[in-house]
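Think of it as A, B, C, D and E in the order they're written, each chain with its own count starting at 1.
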Amino acid sequence: MLDIENLTVHYGHSVAVSGVSLTVGEGELVTLVGANGAGKTTILRTVMGLHRPTQGSIRYQGRDVAGLRPWVRSRMGVVMIPEGRRIFPELTVLENLRIGAYARTDRDGVAADLEKAYAMFPILRERAGQIGRTLSGGQQQMLAIARALVARPKLLLVDEISLGLAPILVDEVFRAVETLHREGVTIFLVEQNARKALEIADRGYVLSSGRLVLEGTAAELRANPEVKKSYLGG
Amino acid sequence: MVVQQIANGVVLGSLYALVALGLTLVYGVLRILHVAHAGVFVLGAYVGVLVYLPTGSLALAIVSAAVVCSLAGLIMYRFLYRPVLGRPPLVPLIISIGAFMFLEDLYRLVMGPYIKSLPVTIRAAGFETAAVRLTGYQLFIVAAAAGLLLGLWWLMRGTRLGLAWRASAQDLETAAAHGINTDVIIGVCFVIGSAIAAVAGVMVGGYYNQVYPSMGSVPAYKALAVIVLGGMGSVPGTVIAGLALGLAETLTMVWVGTFLPRDAIAFLVLILMLLVKPTGLLGRAS
Amino acid sequence: MADTIFTVRSVTKAFGGLTALKAVTLEVGREEIFAVIGPNGAGKTTLFNVISGVYRPDEGEIYLAGRPLHGLTTHRIARLGVARTFQITRLFKQLTVLDNVVLGFGRGDIDPRGLVGGARRPAEVERAKELLAAVGLKDSAGLTAGTLAYGDQRRLELARAMAMDPTLLLLDEPCAGLTHHEALELAALIRRLKDSGVTVVLVEHNMYVAMGVADRVAVLDHGEKIAEGSPEAIQRDPVVIEAYLGRGEAGEDRA
Amino acid sequence: MSAYRGKWVNALLAGLLIVALAFSFAGCKPKEPQVVKIGVFAPITGPAAADGAAATNAAILAVEKVNNAGGINGVKVELLTYDDQFSSAQAVAVAHQMIERDGVVAIVSGSYSTPTRAVAPIAQEAKIPLVAGYAVHPDITAAGDFCFRNSFVGTVQGLAAAEVAVRDLGAKKVSILMVDTDFGRILGETFKQTVEARGVKVLSIDAYPYGEKDFSALLTKIKGLNPDLLYATGYYAEGAAIALGAQTVGLTCQILGMEGMDSPKFLELGGAATEGIIITTNLNRDDMRPIAQEFLQAYESRFNVPADMVAASTYDAILIVCEAMRVGGFEPQAIRDAIAGLTNFEGVTGVIQAFTPSGEVIKPVQVQIVRDGAFHFFSVVDDPAIITPPN
Amino acid sequence: MISSLYLVTVVTMTCIYIILASGLNIITGYAGQPNLGHAAFFGIGAYASALLTTKAGLSFWAALPLAILITAVVGLALGVISLRVRDDFLAITTIGVNFVVVSVFLYFTFFGRALGLGGIPRPTLFGYNLQKPQYLVLVLAVVALVMALCWVFSRSRLGLMVTAVREDEIAARCLGLDVTRLKIIAFVLGTSLAGLAGSLYAHFMTFISPYDFAFPVSITIMCMVVLGGAGTLWGPVVGAVVLASAPELLRFIQDYRMLVYGSLLVLLMLFQPSGLLGMGSAFAGRELRLAARARGRVNQGG
């Protein structure tokens, strides 16, 4: 579903990502782990079209999307849950969700997905009229997930979903991601919390200083002593 | 006389608000100080003159000015601002000032340096009581301003486009990632802002019966004061600031006297206010 | 621990309704390496920002060698010998690598002699090159800092902090973006720093490094210190395991 | 990419410089012997561009008139026009260029006070006569005996306005609005002192910035004071705005203006609101002298705009210089002497009786009233005590 | 020595602009603080010098340092404002300062109102009255001194520190740099040079009026800095020479000059925003941060 080949991205003059190639198959949950600053978010943003690659190709459903604007990709089914949630702070919860479904024209489908999102996070229904910035961090993350859900993604890009969340909430958001995966959504998950990510992923890649250093099934990576030492806390 | 002076202030403030609105819309989404917006305002006034004099139709003059200015606004965005998005704010600011200088001189060369008259007549009756007297044209200005602002309010709050617009103003990138065509949104900002400036240009030109190349000089920079006072990017804030400035200028001129020209008063208030609240009247610290 | 040089006493910091630090108390001994760990959002970076004066604590006191730091401005705290690095690097990107380090010397004193004497005294250039060599940037002195790769930027930040000849060095995730091998090198460097008389407080995600290098470890969770002790003790502490693995029911809805 | 573009911009700039140099050499063509040069400077660009255009147009017309009549004793006049951008620093450079590079024998100012004031001492030092068309600052003629002015000094017009207010209009309570330029203030303050000395009550005096258009607040205030005369100083744009504003707020008292409003544009912009307004000026539209009528018609047909005070004053300034050359020859000193000795010279702006030793013009002040959309004769102030400028 | 007074005038004005642009360069180029009201300080220096010589009867030599001092004090006030008001807001505030200062000159009788101030004496040296050519020699000497000062500043530790403040304020603070004081120093230095230029201008022209210091003059100075390359030593000099002589060179197209000038600015900013001498953009340090502000939030790496 997603094929990245030899991707190089610069931030200003410095190289953020160099020569990365990876694939995410249809229906797969693939995770990309690595430390802060390794270039994970950059890859995700480049897939979304928020950053221009210096080199390399990005193919989505067999089509080269490198030159397409982000909203075109979004309308093709690529949806992102951005790092730091980035909900719209001055819009209400419901308005945020309506932005999620912005590109969709099937009213009934949207209504159904909205119900689904509310069912997944009941608190959002209670707070539907509340302004985004008044939500707590956890609620904001739920909103960000729900916003992506109502977009009915084909490929979901998830960026650091556990960042800044209490453990119980980390579990909850990861469960939500798993649920989406089970429902058939292809997921590309970028995560610092390697343990959690590798628990739910099918396959994984390890990124360090902008380069891929390891890849394999989640189980293989979990067992890898190098990964254990660096990312799983011994 | 107090009521009359307040009415005078409201008329003046409505004009300020109309000129500054385009600036606010652009700043809201792009964080660019669009000084050349005043050039669009003057263009609107000139189109008004060119259409009104032969046809005698104010409606036609306003519509054509709006169309021409919308186009001009779009062209400015495409060729002046889009290439430098993401550069430090001084770059688009200087481009904007350069473009404004260019436009002022272009108008002088094409339309001549002389003041043109735009003798608009309004059939609407004036309004006169013992306390207050407003001419038909003044009523028309206030009504048009109120109508445009309400329309804009409805657009922003009551439509899908408005929702996408507000989302883009808060986070352009995330909006784009959620399927909002931000190019269109930015374009709409320039179109609507420029169209409102065009309307303001025709109305100001008609109200004072003067259209000339440098009529944008003072609005160009005073509008900056207005949008800062209103908290940059806030539409209701801009309207309130415009009205407040119109009233403040009118009232100080009458009761305090002209200890400083009104433009300086606007900036003095601005500087003092910024020292107290560095993010503007309705601005919120990020 | 007899010789405490750095004390954080009941420091509380709230943003709006969110309490980022709740009555945190730390005591760090002279020439100790002290690691602060905790899940993302536990308040580690906030703690650093409060210590270095970027934020002002709502309550509590901070002392370095008996002198109060709380309430001082950032540059005063720095001049008292507190150096730091940042989680997301903050270099002077348009300046050269060498100049970045040179700016660390003298702890920012505006020395009138500096006006005529040139920006970089020969002795400082020598010392800066040594520091750059120590962090593995020997050949990059003349480059513009912004062109460095991310990992190199982190190393440069460390060299810049070392140039201040600090009493207390705050390292915010120094190993982020480094390969495992590089992280090990860095750990060795931190130990050498300790031997040269610097007290180090570091926030780290890489447990391997944190546990390997630290003399003592404190664990923050939701702005509260939930444990403190030797690395071995911490690794065995059930409270810590719970916080990290999230098996407990204690978690509340906070960011 | 950016390096490439940088080169491109550098090349562009270099190209511009080369073109500029080429043009400056092209300007050095051999001089024809039978030509005498007059320099004119005016604010062709910048905020006062309209007046700059009027001044240069009038100068062109005046020189054409002289040359079509065979020149001055057979010598053709060459006109050199310069833009001072309404800036004194620019005016200084322009003055030096005219005198040193172009070798003009006389300079005419078609500009405002500030640039003219910068030029006057330079002309004086170089001993090149300068005639100011309409700039009013006292320092201009005070620069020395080579500097002349063809317009009323502010005090003359202020005195004349007071005379009109009291003698012709019988005002008892007046309000004053003055444009905040040197000119406007001198007029306003002279008027105030003079009418007060003659027992008139001054209800209010307000200054407003040059270029102001919104007078609703001030006029509402004045309306509340209920004066029987409003003395308004300002240029035609402000004058028209005052007229319109008075109509808007319903202020009905007599408005007395000044020569800055003497422009067809005043009538055009103010429309019906200008009806009945009286101004003091130096141009009598009902003046049936051929020179005046000929100028007014020629100007309008040539430039498609009617002539105004600025145009007429600059036109006269050129004619004064030409007349002086006809009488005294082409040496700057001789031209100066001839200007100083001029008597009863027929200009568009009236009959110039003489210049005072300090270089100020003596001519009657015309009082015009707007009737049926045109200026007409109302009265004239020719009391020598009023129209002779103080020394 | 220099026979043509025309040339003397053009060169003198160019020198004054070099001083102005170099001063602004310290504030905007090195310290990274937008200042679109530099002409206000030019005016304050000119008015101070004019008043001190004409009303207080001081000599040029006494008035010059005092004028610089007075300007520096006002510059200090702006420096204090800059601590609180940032970026776009600061840019607009400085525009406001320009409007307010010019209005004060226009509205108080003390400053001669629209009439301006006249009768400002040329300086005398050893009893000898300096005429324009001799005055130019003085101005040239001052420019040499100013450039020497800027050269020293640009390679001094102080200059490096000020540049560090431009690049990252928080990092600078954490290195012990007193950002507050450094910013104020930059404003005081930059505005002092404007005061110096003002004094030189007043005694060159011998009369001044408020319009000489209006907002468009600030834009011209800013354009000089940006054109030549902000944050470089010689950039503002090149910018001042090009733009101060441009009106003279472009006189042959005088009717279209502003058109050319405006489009030149636009083209330059579009294609070479770091100026003729700037290698990378002098503002690039702020670039990422400000780009991020325009588009949301910065996310470097992952």
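We adopt the following convention: a residue touches a chain if its C-beta (ideal position, glycine included) is under 8 Å from a C-beta of that chain, and two chains touch if they have at least 3 such contacts.
This structure is a prediction, so every number in the text was calculated from the model and none was measured.
Think of each touching pair as a link: the shortest run of links from subunit A to subunit B has 1 of them.
Contact with both subunit A and subunit E is made by B, C. Note: the chain lying farthest from subunit C is D, by mean C-alpha position. Between C-E and B-D, more contacting C-beta pairs join the chains of C-E.
Note: centroid distance subunit B to subunit E, computed from Cα atoms, is 31 Å. Inter-chain centre distance (subunit C to subunit D, centres taken as mean C-alpha positions): 72 Å.
A straight line joining the Cα centres of subunit B and subunit C is 50 Å long.
Residues of subunit E found to touch two or more other chains are 106-107, 255, 258, 284, 287-288, 296-297, 300-301.
Multi-chain contact residues of subunit A, defined as those touching 2 or more other chains: 12, 16, 36-39, 86. Counting partner chains per residue, subunit B shows two or more touched chains at residues 105, 171, 173-174, 258, 261, 263. Of all residues in subunit A, only 12-16, 35-39, 136-140, 162-171, 192-193, 208-210, 213, 226, 229-234 touch subunit C in the complex they form.
If you check the complex, the residues on subunit C that touch subunit A are 18, 39-41, 87-89, 93, 144, 146-151, 153-154, 173, 175-180, 183, 205-208, 211, 222, 235, 243-249, 251-255. Subunit D meets subunit B in the complex at residues 45, 47, 49-50, 52-53, 180, 206-209, 211, 213-214, 216-218, 220-221, 224, 236-237, 240-241, 244, 248-250, 265, 268-271, 305. Looking at the complex, you find that subunit D touches subunit E at residues 2, 5-6, 8-10, 12-13, 16-17, 20-21, 23-24, 27, 44-46, 82-83, 85-90, 92-93, 96-97, 99-101, 114, 117-118, 121-122, 137, 139, 180-182, 185, 209-210. Residues 28, 34, 81, 84-89, 91-93, 95-97, 99-100, 102-104, 106-107, 215, 219, 222-223, 226, 255-256, 258-259, 261-266, 269-270, 273, 281, 283-284, 286-287, 290-291, 293-297 of subunit E are the ones that touch subunit B when the two sit in their complex.
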